[in-house]
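In the two complexes below, chain A is the common chain; its partner is chain B in one and chain C in the other.
== the complex of A and B ==
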């Protein structure tokens, strides 16, 4: 309130600025109290596990030392837990470093990383393309638009675990997918069929959500821009590529970023739809599934893998934001201002 | 790709009309019948996309187990047996208990997240302070955090302190993704609120408490309510952490459905699972349809997946 009086009194701009700084200082103090509980709670539920995981990832698993027969309680392991995953290095019975035998979880790392990236690229690409189309349709006026906008929320609202079971039924050997197309595909156990089963189920569930985010961006484009394009005789495709796409780019990029980060940690669908494996046992094993498989086989190794997963996601997000210049916070603020106006 | 092209190109021509919904000023233009038909067909495709698998789940849920693989697209051999089977505990399934567990966990997580998140959201939306961008970035980053990175330490910690399979072992990790979502969505909502009205009420003679109670609270209630729905749904739908940290007595519905056992060891009880899925999903879908407008606003404002 003190600032208000200061702003009103005519004079040099200096006291005004000082008033603003004072107000800012005061508000910083209040804000600190208001935000503290959130930060403290997040530090407990996210900060603590992360720090613990990083510390553990440099520890040895406790166990019997093969040469001495004595129980050892772990100790500093250096980077061996990371080497286990990244370089497929295992310990043999006498503690020497050897290449992991096939079937060891360590040898599944690059496969899991490949599967995760494959799912991410294919599902996000499909969801973006189809989602953009959905959004463009929903942005028009037609009778029954309310119904479409209500229907779009249904796949989003269904729990992923239920979605997985539903598609498990649809893709069962005698299920509707096979009988509809007169095929006999082993959707949940064939290597590539099981991968596509997951891609189809994920695309079904997430495209509507993507469409909603893109629609929010579309609704900000002023009609005048299209009028101008029409007057200039621009073709429809040209209008789309030179007007619609550049203008929805910020909203689109934020939506894609969120989806990529989400797809990289995919767990529920492959874990339930194909029992985590599919095909020869690891056709649909994502990084998250590999971590869960490892948790019961050794904490420290699992910690290293979850840290690797976390770093991969962080790097992808960093590259995405840097290279494509996505400013998540600013884009969302702009969108809110736009919808307000 | 070709459908994307066609859809977008007609959009350019008809966008003038779609704008009329938003701005009444724009004059109505005549629209070609061909275009109208194309829009209608596209709309039908979207509705079928969204509803067909859901519809299939529901009619299977009402289908006699002997006709599990019936291909008719309308309800046939209608029965309620599957729902009885779904709730039966004879085969070691605890759907009824799981529903109560999910409800309890969801309510606790939502209440904690809202209680704490509202303060943070108010500060982020209304106050001007240093490190605001950092705090926002931190909270957004937290919501994108892979749940799998929390599992290993938590699994070990909860085993050590005897929390494994308890409710608090399921509630606490859920807060890690529900709280950021709550703060972010509420912040967007609070930014849009007409805070000038508070000042106006004060000028009209309200005390600060009255202004808060009679003006701000009723205005904020829908935003808080919508955020509560989003928080509850994201907690209700959680699977990864619960599948690792819950016991038979505390498992939520997602875990119960994923591990639903049938009478034959190698035969999936599809119709009963579809019945269970229907029970879990239909209340959620009804909730979402009732509050459709506000939920869409919340989703696109927060931009965070629920």
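== the complex of A and C ==
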């Protein structure tokens, strides 16, 4: 990095700096060798699929040759696959651009985006609130604490597919939910009932994850701080808002970030529980469900959709990190030192 | 450090590009002429063999053909996974997927992709004994691309203690609903949850009323007809006035079966598998009080059932197509078809097998099923089937629930199928 400006800038004494620079250079080289295998692996398992998907997203899906009835390669598509999803542009039989009709997957994009964000906001909010409460319970010392901790963790240990099937039976028309509350709600087909069925199942499943991450934060708070608060006569609520909450904030932020990224990719639970159905048929279709449906109808268009989904999640994560100042790495370092980030 | 990070990202991107480049290189042509007459060992690919039908058959074949042994490649039991596995292996031009078992609704798609060997010339098979609807399901663009292997059709289950003669038309079925009201049970249900079963049921309603979903070319939608409207309207009206119970909008095959076995339904449209379960299930309350009939029609014979089942096809990448052809003929033989029926309860594709007395004794629903399949219509034979079924499901579901009018649903269905064939 020797530039013209560096010469002008008065630096620290030369010899010292050169010695340090040499050592640093060597360290950098060693570090580069050490991480090279990881970079190569990442390039193969992450870089390759992403780049392939992006390349494919600019190709048209194969069309039918009118005379032979055989599929032929679609050729370069430009941005039309993206316009198809974002602007709901479809072609009719004579090649004119029209708005995508209902029943075409393209017409479901904004609905799916809305559903995904709705699920994300509601489930993460619920899971954070309940998770914090669980964590505080688990952090207390009482008889049978191990049992309570294990019990709270059980839902997290069950595979999502099994969880989804479990709730599918609970929410079926003749299922436990309806007979317990003496209702006749169509949990998997009514618009809001199906959405809440997903939210309930997801909250049930993922709250333990939040609780566990928050518990890790709680355990780092020294007992003396609470003792001091008690001596000062602080109420329990005051203790919670001015001591517990600020001190678990770093752990909480990381947990929320993880959950948001997870929830934006939500696929298995709605896919099994409602099949993406409900309402007029797409009340619980998330972006990932839409991607999978499109994969079978046309791969290149699906690539465009998955790229869009990837960018949306990336932007959300970026905003979250920037606005709320979450820094996963720094937080973990701070936690190891037992200090506030 | 910024530069270092940038170069790392650039390196990853380049590595990705290089790898992407590797995969797009295409191999040589698939079906060489020599492979058409070549005999040798082959592989048969099929979904999970739940009732152990395939292995004994292959053992029998292998004993008779020691130089042309068949290896069984078993896929998962999920239809979507089977489909994706076949697609991936065809894309990779896998020579070891010689004979593949394809769902009737995938046949046109695979044929149009150029993956299936047309059964013509030396590879032609005899279709005169086969049920016409099963042959139609394997025909695309006038060519036969696969051999019908197993079939399936919908039948009407009814409560014989409440109904003496089963309805033969839709209108009779609806008027019989008064009986259900008196008995305090629900009248009729099929499969109306938003999944493939809904396409099956909607196609039956439209085909029975004399309409079609797509034209013979597999891509032109034909839903703007009074017949198509009449068909969908029947389901919509029945759901609206309660003849189809509101819970049925969540029904797949199993929920409908359970409701019928619990005595809560007067009529049920379902597949033949329900028959033996309803007779033997411990929880079945209708063991001796139900009967079966062909689906109700439009006044001119039975209703048009949708066709289930699978076809056996030869991959264009197979190196031993002559053996593959012989093996397919072996699967088509009436002896094998009988074995499919007795061992796996799979509906035969040959008409004469349905009247075999020993078989009818074992599977008493066969005569009714034959009537059903004889008037069956395949679901749209379209290379865009995934998009067609989505268009049907989304719009028919909204119409049945009453969210949109029948006219709007059919207009949208029509437009969505057009869009699909235009490349969206």
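In this section, the second predicted complex is superposed on the first by the 288 of 341 C-alpha atoms of A that agree within 3 Å, B and C clash if a C-alpha of one lies under 4 Å from a C-alpha of the other, contacts with A are read in each partner's own complex, and residues count from 1 in each chain.
The rule is simple: a residue touches a chain if its C-beta (ideal position, glycine included) is under 8 Å from a C-beta of that chain, and two chains touch if they have at least 3 such contacts.
As the structure is a prediction and not an experimental result, all values here were calculated from the model.
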item: Fit or clash between chain C and chain B when superposed on chain A; value: clash
item: Touching partner for A:60 - first (chain B), second (chain C), both, neither; value: second
item: Between chain B and chain C, more extensive residue contact with chain A; value: B
item: First (chain B), second (chain C), both or neither touched by A:112; value: neither
item: Touched partner set for A:90, first chain B, second chain C, both or neither; value: second
item: Which of chain B and chain C A:104 touches, first, second, both or neither; value: second
item: Chain B versus chain C as contact partner of A:138, first or second or both or neither; value: first
item: Touching partner for A:188 - first (chain B), second (chain C), both, neither; value: second
item: Partner chain in contact with A:164 - chain B first, chain C second, else both or neither; value: first
item: Chain B versus chain C as contact partner of A:226, first or second or both or neither; value: first
item: Which of chain B and chain C A:317 touches, first, second, both or neither; value: first
item: Clash with chain B (superposed arrangement) - responsible stretch of chain C out of 145-153, 253-261, 325-333 or 343-351; value: 253-261
item: On chain A, the residue positions that both chain B and chain C contact, one per complex; value: 28, 39, 42, 44, 46, 48, 50, 52, 172, 174
item: Residue numbers on chain B that touch chain A, as the complex places them; value: 1, 3-5, 7-23, 26, 36, 39-40, 42-43, 46-47, 49-51, 53-54, 56-57, 60, 69, 71, 116-117, 119-120, 122-124, 127-130, 132-133, 135-140, 142, 144-157, 172-173, 175-176, 179-180, 183, 188, 191-192, 233, 236-237, 239-240, 243-244, 253-255, 257-258, 260, 268, 270, 273-274, 277, 280-281, 284-285, 287-289, 292, 295-296, 299-301, 303-306
item: Interfacial residue positions of chain A with respect to chain B in the complex; value: 23-24, 27-28, 30-32, 34-35, 37-39, 41-42, 44-46, 48-50, 52-53, 56, 129-130, 132-134, 136-142, 144-145, 147-162, 164-170, 172, 174-176, 179-180, 204, 207-209, 212-213, 215-216, 219, 221, 223, 226-227, 229-230, 235-237, 239-240, 243-244, 254-255, 258, 261-262, 264-265, 267-268, 271-272, 287-288, 291-292, 295, 299, 302-303, 306-307, 309-310, 313, 317, 328-329, 332-333, 335-336, 339-340
item: Residue ranges of chain A in contact with chain C within the complex; value: 1, 28, 39-40, 42-44, 46-48, 50-52, 55, 60-64, 68-71, 74, 84, 90-93, 95, 98, 100-107, 172-174, 184, 186, 188-189, 275-277, 279-282, 293, 296-298, 301
item: Touch list for chain C against partner chain A, complex; value: 3-4, 8, 11-13, 15-17, 19-20, 23, 80, 83-84, 112-114, 140-141, 193-195, 217-220, 246-247, 249-250, 255, 258, 383-384, 386-387, 390-395, 397-398, 401, 403-404, 411-413, 415-424
